[in-house]
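So, here's a batch of structures to check.
Next come two complexes, and both contain chain A; in the first it sits with chain B, in the second with chain C.
Moving on, here comes the complex of A and B:
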């Protein structure tokens, strides 16, 4: 055996959650090793120099949900985390007009007033309610989900406390919360606003990473996410990490190392070794075996249980639950190296708008139709896009005078009719570029290099099943005590000493790190 | 003015209005029912009639005729022939085996699991919706009882309940089955009277809602002549061909106005939809309530009609796959009637979805779906939303008809609601009417 050292914990996968778990365990004095299959840590939160001189945050693109207690506990700013604000969103409209939301509240209100005085009035009240709701939901992100089917007094007590928390909100807000959890974002916004482009842009945030359209029930609660982001205690700040999202992962890795954790890259794990119903270590693809008191998986549920373990190690019901856990990756990414910045028809020239996001969501119908294509197995001919120019915020991302452009695209279904091929990937890239060209004529001629990433590519590179960026769909029946399976939402698994810490557990994806932290606390709580 | 001649006036001689009226009359109240239609509705009532109503109102089960045909559905198969599903679970499994042995193997288990969940809904439907904000000890005990009831059903049922209710019917069916015809038949029940496609979250709930009252393995609601039977039962006076508006003064209902005549009563109960009920009363209501009522989603999507029929009593379902239903919904999503609608024929009656209005070509498209010539199909003009509010997750239980007002009473003192716009909603015959009457009798 190549390694005879015994660890307290092995973390499989160096995604940001795995790194958070490692850092917390190491901080508690545990001897920890992280095993990452790729040459660098980060999983889906990596920055890579795809074309010489041009750096891209390959998959994910903005930061806002990273839990503040993690930033504090791990002292991430000291390890290089530096978040730059991304404060505006401009939505070009089909008629040449635009809708803009700026960092300055009054300016946003004036802009909204131009579209609808009524909506400008409603905007503040809406903001107050959403802000309050986000505060009400936030404690749930930081709690281990109780099991409602259990008769364990601890679960019953936790359920009662949860019930009390919600009742404490008061009737009106409790009703609003139920509406948020069950309605479509379009319907929810219809109750507040009349400006179509406003509803389209807001509801677009409700569909990110899901296989749903703005009129699909269950998309409203994601609206809350915009009010949940918390950077340096400032609410609603969307940010861009200096050096890309890879820098977030690097800073967590650096913190973990500082606490004594060992991180090994190019170390793909083949399987988890189970003896007598207990995980005792892992076998690497190169034949090495490493043993540890506990094994923690940061991979998604399908890989964690159906690939790393054998079915005989798990109860049949549990296997069935994991098999029907839905992934359905629906988003792609187009990364462009640009000779110069494009000018948008709706707001000509180059200016502060390029330091924020451009949302290609001109109307609800536009976004809904993009979904219709995907529903029947095609990529959107005219997709919803969220565009940022990271080099405008962090000049280090591109050579002097040049720029990088990051386009998050939806929808690109993993299960494309006929399957993804190189030709289909390029056709998808063409659809993206041509749609942008419609809003910014002359844009195409500025492109130096183009990288198109489909959900299949995301799966191949990061290992995320079906390319789902949240390690499993964030659908109502896959949340909280149902994530990843009823009865197994507390980071433990049916195999003793085998824990899960990835975004496939509560509270889910979005570079929050919350799953990783809660998993570490559960492991420490079990006295491992 | 002398004492009011009536204790209660009920607006609407439909199943819920009449159930409320008879419960009030049975308790000794003098009840007048007012209905704008000249003739009693000759159509059958579709949906579960809770057995409590039959028993307590002493309805003759033979004349009220609660029934379900056997087979309960037939659907044309892509390669010719029909898939027929029977009340007998094993017989259905035999029929399914011809199109998919795998699906046949799962049929019995699926039927048992769904029946158990529908049973939970039935228990919730014959009571006013649980009040989760309550601080009253009695109500807290009631909540506790509901919780215990669910817990006693066992872990599997609890997990099913939590997992399945917010799901889409398409996901639920894809978990279980592979055959398109079978999934089309079951998926149609998930979108029944709902302007949403089978991929919408919450359609699995709608599916279970319409399974209430049916035996295991039957996924179409039963029908009855509840309304017709109640209309002929003594005890309440019914005035037909009379459009009435509610009269309220200073936030208190005092009666109804019919033409120039004002009929006073201490209590007014409306089975009309909430929006219509409150339309004239807005000046007496607070803005929040008016806004909540205005926000009720009430998206008509069903046109009804008749055809000459195929001589069979077996309902015929034209929804060959989940994608067919989804495409039909896509049209509705953008405000058009479906190019290829979902059609279900029961005897000579037909149900067409999705269409909010009858356009020129709809009858022809329905005829094509049924495989007959278009002169054999007649469609009625669209007539609003039969359920008085979509049965979506945000509009059920204590959220129905509007949050905070699920207990049949309204901000207008002496005015109650009893229609399908209240808990438990449309597709359940008389349950809202009975729940409303019980609340009224307790409170007045």
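Moving on, here comes the complex of A and C:
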């Protein structure tokens, strides 16, 4: 009977990180099974046909920073990964003008010159600095975070190497890096630019997935993410996956299967079986029990430790740390099936602008006010939005001539005043489409079907606690050797043979897969 | 004297954003329409790309002895080909060295169209002595478009007035698109699902407009030679004057190649009664070719180390290159790559290379020269079977 088989490793959760871990373990010859509660793999990286013929990138919608070494090691292109360019960003302004960043550098500079000749020049210098910063920070994405309080030679050696690495930056760049790690994105950008809409659009990328505003300290470092993507430019680690993000998950799953991993869908895990301080297997909701030498959780820290385990299996201070780990989902998603593309007032007509993103971030004040609503428990009446038309990049996402529109929306607090209801969800959806309508009159009449996803829906469907898209807020105190808890950032847990591989570990966030890979390497390193 | 313009020029010129043009057989064609060829490349692999391939040399060969002439000239067995078939084939000089390569379409009994990269009218006439055959150059009056990519069939199905879904790989049919008579062949230079349209140049613009209109919902994208170059390397398709030299242009023997040395052994029908170069090719087949034409894939970690040594992330060519690059094994040069570049689809640095016989085996470890910050280095690479990319949809 399949359920009585013994595996080398059980992976709980078929999100992209769990699949990456499974693939790496299977590649190393381990007998692996992935257990996914939903009928399909992918977690928050899924593509679903919600309205006949229209494929929605339900939650995550772009590939960001998928680690090139994973693409190579797992040979993902052979398994169907095809990342298409997503080059431009157009920000419509309240006065009917716009700010655009195009794929071509000269064109972008000329566009910026229109707003501020000074900023156009600063932009190049800023880009160069960010390039160096990204280069400085990038190695961290691929390393197991060393614990600065540890005297383990491996930690000391890694810290030493890291220290040398940063010393090598030189004083000027090191200072810039410290500013990036501590300042708010708005303050950091103030040092460089005067064009408000530019600062608003850039800083908006720093708030995604956090419960912070552009003026909150610690949001600046996320500005680096875009430049890290550029370092991997040739790999196109940043873009739109053909078939949506679900196709990314499918390609990793296909690679894992090719290496011999078994993937079971509709197989929700109820609890991890612990005997004598050691994980020995899992119990499924259907009553089946599966045993394995190691159990790996791809779920977020709250589910991994507070739901799948019993508190008595864990040290008290660790339980307290995990209970304090912040999720605070702050974003939602509106996915639309469209009869035809909307024309934006600032750039009328249908054109190449629809092949890139539209950022609804007309001013810093607009974004900060959107945050103000959320601070006091309401969804933003006029939210920050990142809009793409997946069918313009991959026409296969919708029937010929029709379109899908993916709207990432912030802020939508998980803890809404009075709680989320169906009526509140629809009111939130109305706020979103009404705001878009303001920038693109006539847009609403093109909508054939509307799917509104609140943080509560994200939690309900994917299991991500409080609907946090990064499996835990990407705030400074929850990063690196603190993710998810001090002392437990190396993919191991207080329970022997129980590992974590989800985005709730370093480096977390986005469809990077880095957590999944590092977890697999840690497990293999432990000789599991 | 200026370069000639193809029948599609009024449309292609209007699309050119960066005025990036390239010469091809005396014509001017787009290198890329947009400022970067990237999106045009992705259209080939993700939706559908439209290429103007009118500059190809085209010959109409008709008459009772047409198959005899062609069988005398080319290496493949034309006599066996059925009406509606298209053959890709090289042709050789009497010493068995390749002069050119192209396609032969069997349009009807005794009626063939041959495409070539170089002018071949004189060569065809020389070989036609005593045969009942008419050879007509139709290069200028025949316009040619190529529609390539996974959505090509859907675009075609919507544009054509009859069901063409059953048209097989390397076969052709006559059809009508918006009333325009065209010959459609399921061929191309991308290694993907694709079709080529052959028509009277007078109708060129109407066909272009019809395909763009019906193709737009499927993401049809006019594409230039830069995008095509990347795709044809992925497909392992060789290019004259780049990957080999016509024996008619070679100045020394070493510049010539036999079909076996170009990975085209499969096109040499040694069972045929006689054809140009047959005796030499029979001998070469027995002793084995001196060179192998194969793929090589550069090892990423090796490339990363070479660049890390100078403090840079790896730099990769943004376009396919067409220069001769030495390939080494054990410190000795064992061959040379002739085309290469980054495959955005496969996410691999790939090249087409000529390697000394024994080194052509897939999996063999070699090194390719890479210039890192003005210094010549060698990156580890592995011999890879061609094509690098061969999707099922190409033939399905």
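The definition used in the following text is that the second predicted complex is superposed on the first by the 518 of 528 C-alpha atoms of A that agree within 3 Å, B and C clash if a C-alpha of one lies under 4 Å from a C-alpha of the other, contacts with A are read in each partner's own complex, and residues count from 1 in each chain.
We take it that a contact is a pair of C-beta atoms (placed from the backbone, for glycine too) under 8 Å apart; a residue touches a chain by one contact, two chains touch by 3 or more.
This is a predicted model, so every value here is computed, not measured.
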- Query: Putting chain B and chain C onto chain A via the overlay, clash or fit?
  - Reply: fit
- Task: Return first, second, both or neither, reflecting whether A:394 touches chain B, chain C, both chains, or no partner chain.
- Result: second
- Query: If you stack the two complexes on chain A, which partner ends up touching A:53: first (chain B), second (chain C), both, or neither?
  - Reply: neither
- Query: Should A:107 be classified as contacting the first partner (chain B), the second (chain C), both, or neither?
  - Reply: second
- Task: Can you pull out the angle centred on chain A between the C-alpha centres of chain B and chain C, to the nearest 10°?
- Result: 130
- So, does A:438 touch the first partner chain B, the second partner chain C, both, or neither? neither
- Task: May I ask you to name which of chain B and chain C touches more residues of chain A?
- Result: B
- Query: When the two structures are overlaid on chain A, which partner does A:72 contact: first (chain B), second (chain C), both, or neither?
  - Reply: second
- Pick one for A:178: touches chain B only (first), chain C only (second), both, or neither. first
- After fitting on chain A, the minimum C-alpha spacing between chain B and chain C in angstrom comes out at 20
- State which residues of chain A lie in both footprints, the one left by chain B and the one left by chain C. none
- Message: Per the contact definition, I'd like the list of chain A residues that touch chain B in the complex.
- Response: 148-149, 151, 167, 171-172, 174-175, 178-179, 182-183, 187, 191, 212, 215-218, 324, 326, 365, 368, 372, 375-376, 475-477, 481-482, 486-487
- Query: chain A touches which residues of chain C in the complex?
  - Reply: 35-36, 38-39, 42, 45-47, 151, 154, 158, 217-219, 300, 313-314, 316, 342, 344-348
- Once bound in the complex, which stretches of chain B touch chain A? 132-133, 151, 155, 158-159, 162-164, 166-167, 171, 175, 196, 199-202, 295, 297, 323, 326, 330, 333-334, 392-394, 399, 403-404
- In the complex with chain C, residue positions of chain A that touch it: 68, 71-72, 76-78, 82, 84-85, 87, 103-104, 107, 135, 231, 234-236, 242, 355, 394-396, 400-401
